[in-house]
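In what follows, chain A forms one complex with chain B and a second complex with chain C.
This part shows the complex of A and B:
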């Protein structure tokens, strides 16, 4: 039997089931997104004040405003929370029951991630709309539909990249008892290097070569830069190329670690 | 000669003779909570080290925007980098105290209400609000208070400010008000569990809003400033004490802080009583 169409069908059913579950607590998503959007708003106000009072930043008000308004939607769309859950499923042996099913446990996490994205999108879009309206004077409008398409593609790639990095870290639970410290460390590093706290354009010039090419830039900052920044077509293409490259590298790595982990897996409670 | 057996239905001597005895009994109880928490902490030394490291990393992360910002300018609306470092240190002290004494309790609010654990508290001879807000103490978080104090001293030395005793007193009073104010706001948000059941996402929202306390109030537009002073009062926990240390704050603002704190405590007490009436036990 062809596996790809079958897996897609399973994925569709499981996503629908997850969405139905998420609908039980609808209000939660609004609060989650209000929390998600509050830190970018704080940063936005701070940097605008700095700019208005004479700080000589390498980027202008348009860039800053567009960056922080779009930041929460991109961090939301590319985030994943699977590391903790997957690691505990491996450690506590919940994986065993999935190994006899005709679909991978990972597919369940994809479905969970997709459903969570749908719920969050409904909660977040109105908030972003209000923000956009409030700051519309200094928002950058993407130059032409091609930028919008690139923005969407880049968000999708960034989402896949984050997801594979998370699988990679969670899979280490096959050999390690506790990956939570590693997970925390990854979150902290990613927060700085992905541009979720401060736009990467504001990083000092001596760090440029490293900052611009490391993988975390392609998990958040790059998609935002497509709309906010003034990337040339050449920079856009190399950026997307880099992003694809990182997706491939981390995809292959995660695949290798996961499959060798499955072979090393000695089930608990089975 | 028969001794008469007493039953619970008969009038007995009340537990506390006066209001002061009642407060004193609760204080004694809290001291027991604290010594128990310290004993527990000695059993989990790795937890102490992890809390310390996580706290330091968080602090470093909070400094990233400030260090970058002051790479491009020396002064933002009358605040130098060293003064902002003092402010971040003061705020670290406040959040450290909250994480030690209040957070471990409010994080349990959802289970208290959805699993009916509150039942067990209500039958005890103790103020239920006191017990739910202050029962658990996370001693390891005090390390963040220490790192905050070090940062305050570092910032003061760097900016060459030497506050006199009165200015220090003002700052201490404002930090105390700020801590209580933020605690009451968090309580008010958590006590909505009586009506909403699950309040875990509310803790997440609260913690994210708390990030605004790491910047001087004047960095925000006027409307937001009012919000951060009266509705979500981080100003009392960072900006005002930092201004007091610089010596440009009058006693009027200290009095304002004390007044606001009293009002907040009265309000959250009323909210608790009102919420308790709508509590319909989950276990019986």
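This part shows the complex of A and C:
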């Protein structure tokens, strides 16, 4: 079975090339990084100000601070630019040049996604240092190494979940001329339901059942809650189970839609 | 026309029978009204792009796929390379069904599209070549040998480490060919490989492709609107129009069938009167540039008679006998002025 080692070699080469390409456009990368971290930081400052002025919230300053500091890290680690690239490749027929080569089409997207994560590390590591220095007095620290391990596993699963949702949305470009509106709608919904704008703990109590079990919680909020919140062991395990389940469901869905889309591919302009 | 001969005792590398492809698309009227109507009620139309075509291609053949825009030649190429699923019909290339896109199949072919790049634009071409080294399981020795040979043939040694977007169109096409051939494919599909190139670059690409075919026996199927490409490369042409295969045979056969006349141009030392030549059977006298030049279109079998008559008119300075330009023949065919009889052409 030489397929796996070959695919790994191809993936390594592709990832290196994608990183090299990203480094070519330093300005774009810097702006992208700034955009990624600015929303959680601004949110953090707003919520802290609200609390300082006596806002009555069901969560304290310690939770808010930990939540938004970790949010900026998790958002950066899991968000992805894949949908736009992939939908454009499908719509403009650029997929063709990959389809005639003997490697999984998925590899190029994984490489693209990995390179994005590697690039973000350059911003992520110093950012964690700065945030820790600025806010460590008012932050929760993980309750033991097992929480740290769960936190890391949960971030990985969240990254995979976002990746599969990206492929699912982008694959619709096989049938729809333009998926950008759908992509935007998904971003708006995901921003609210993932807890990126408002912590899900602040959502109304009547929506709890839905909010706690919908998939977008597991792309951002859940990993953050592992450290910031007071989830019981049972809740932690259930949460990881839900995350795995959603990865499987969206993975299978993305695979089905993708396979069906390849059959409908019209290789425009190629 | 220098391609190596197909091996007649070997099975064909490409076998196509009843191949058909239809596209479904929605129609939209022009302007805002058309857009709103299309939003509320969408009209779909089915277009037959390829209509039950049949052919076989032997190992080592260089075949030109000709036809006007929208004739179905690129769709055919896409189905052969596995990019598109056929709507119906049988298609076998190197013993594989292309649409399954099995790695064992993709490893043995290459597709170069004049208007689509397989190179990463923001890094040097060498990055893409190294990717192909891994994809096609080439050893370092095989890879180095292949890169050296191809770079020398294409004269691109100095371009391999330059960002692709910094090189000219002609240079990029050479690098595209290099990326496509680094794994020595058995079949090379080319879609408009010289589009947009200047005459020098076109000539180099043609020479290179002839050399690849001669050295490695690579089977080449090429679509092009440039008849010079076809003349320089192809021992056989297939004409597709409205999705149907209208002709399959030699280029000379196509010329004979579509325009069976020869063009004769005689230049004299002094003015001559050639008006009586119009009375000759099978001869059409065209208006000359001056009284010293006579231009005729003559049926092939009457060419000897016409030449004899021309020599009697006066002292000749120059005499030229040629087939009608292939560009003109194709223009006639595409405008439906010409007719084809495939059996006669063969």
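Here is the rule we use: the second predicted complex is superposed on the first by the 260 of 270 C-alpha atoms of A that agree within 3 Å, B and C clash if a C-alpha of one lies under 4 Å from a C-alpha of the other, contacts with A are read in each partner's own complex, and residues count from 1 in each chain.
The definition used in the following text is that contacts are C-beta pairs under 8 Å (C-beta built on N, C-alpha and C of every residue); 3 or more make two chains touch, one makes a residue touch a chain.
If you're wondering where the values come from, they're calculated on a predicted model, not measured in any experiment.
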> So, on chain A, is it clash or fit between chain B and chain C?
Replying inline: fit
>> Tell me the contact category for A:20 with respect to chain B and chain C: first, second, both or neither.
In response: second
> After superposition on the shared chain, which partner residues are touched by A:146: those of chain B (first), chain C (second), both, or neither?
Replying inline: neither
> Which partner does A:97 reach: the first (chain B), the second (chain C), both, or neither?
Replying inline: second
> Of the two partner chains, chain B (first) and chain C (second), which one does A:260 touch, if any: first, second, both, or neither?
Replying inline: neither
> Touch check for A:6: first (chain B), second (chain C), both, or neither?
Replying inline: second
> Looking at the superposed set of three chains, what is the minimum CA distance between chain B and chain C in Å?
Replying inline: 7
>> Per the definitions at the top, what is the overlap between the chain A residues touching chain B and those touching chain C?
In response: 25
> Residues of chain B touching chain A in their complex?
Replying inline: 50, 54, 57, 61, 64-65, 68-69, 71-73, 76-77, 196, 198, 201-202, 204-205, 207-209, 211-212, 215, 218-221, 224
> For chain C, which residues are in contact with chain A within the complex?
Replying inline: 23, 74, 78, 81-85, 101, 103-104, 106-107, 109-111, 113, 115-118, 120, 122-123, 127-128, 130-132, 134-137, 163, 191
>> Under the stated contact criterion, what part of chain A meets chain B in this complex?
In response: 25, 27-28, 31-32, 34-36, 38-39, 42-43, 45-47, 49-50, 53-57, 181, 184, 188, 191-192, 197-198, 202-204
> Inside the complex, what are the residues of chain A that reach chain C?
Replying inline: 2-3, 6, 9-10, 13-14, 17, 20-21, 24-25, 93-94, 96-97, 99-103, 263, 265-267, 269-270
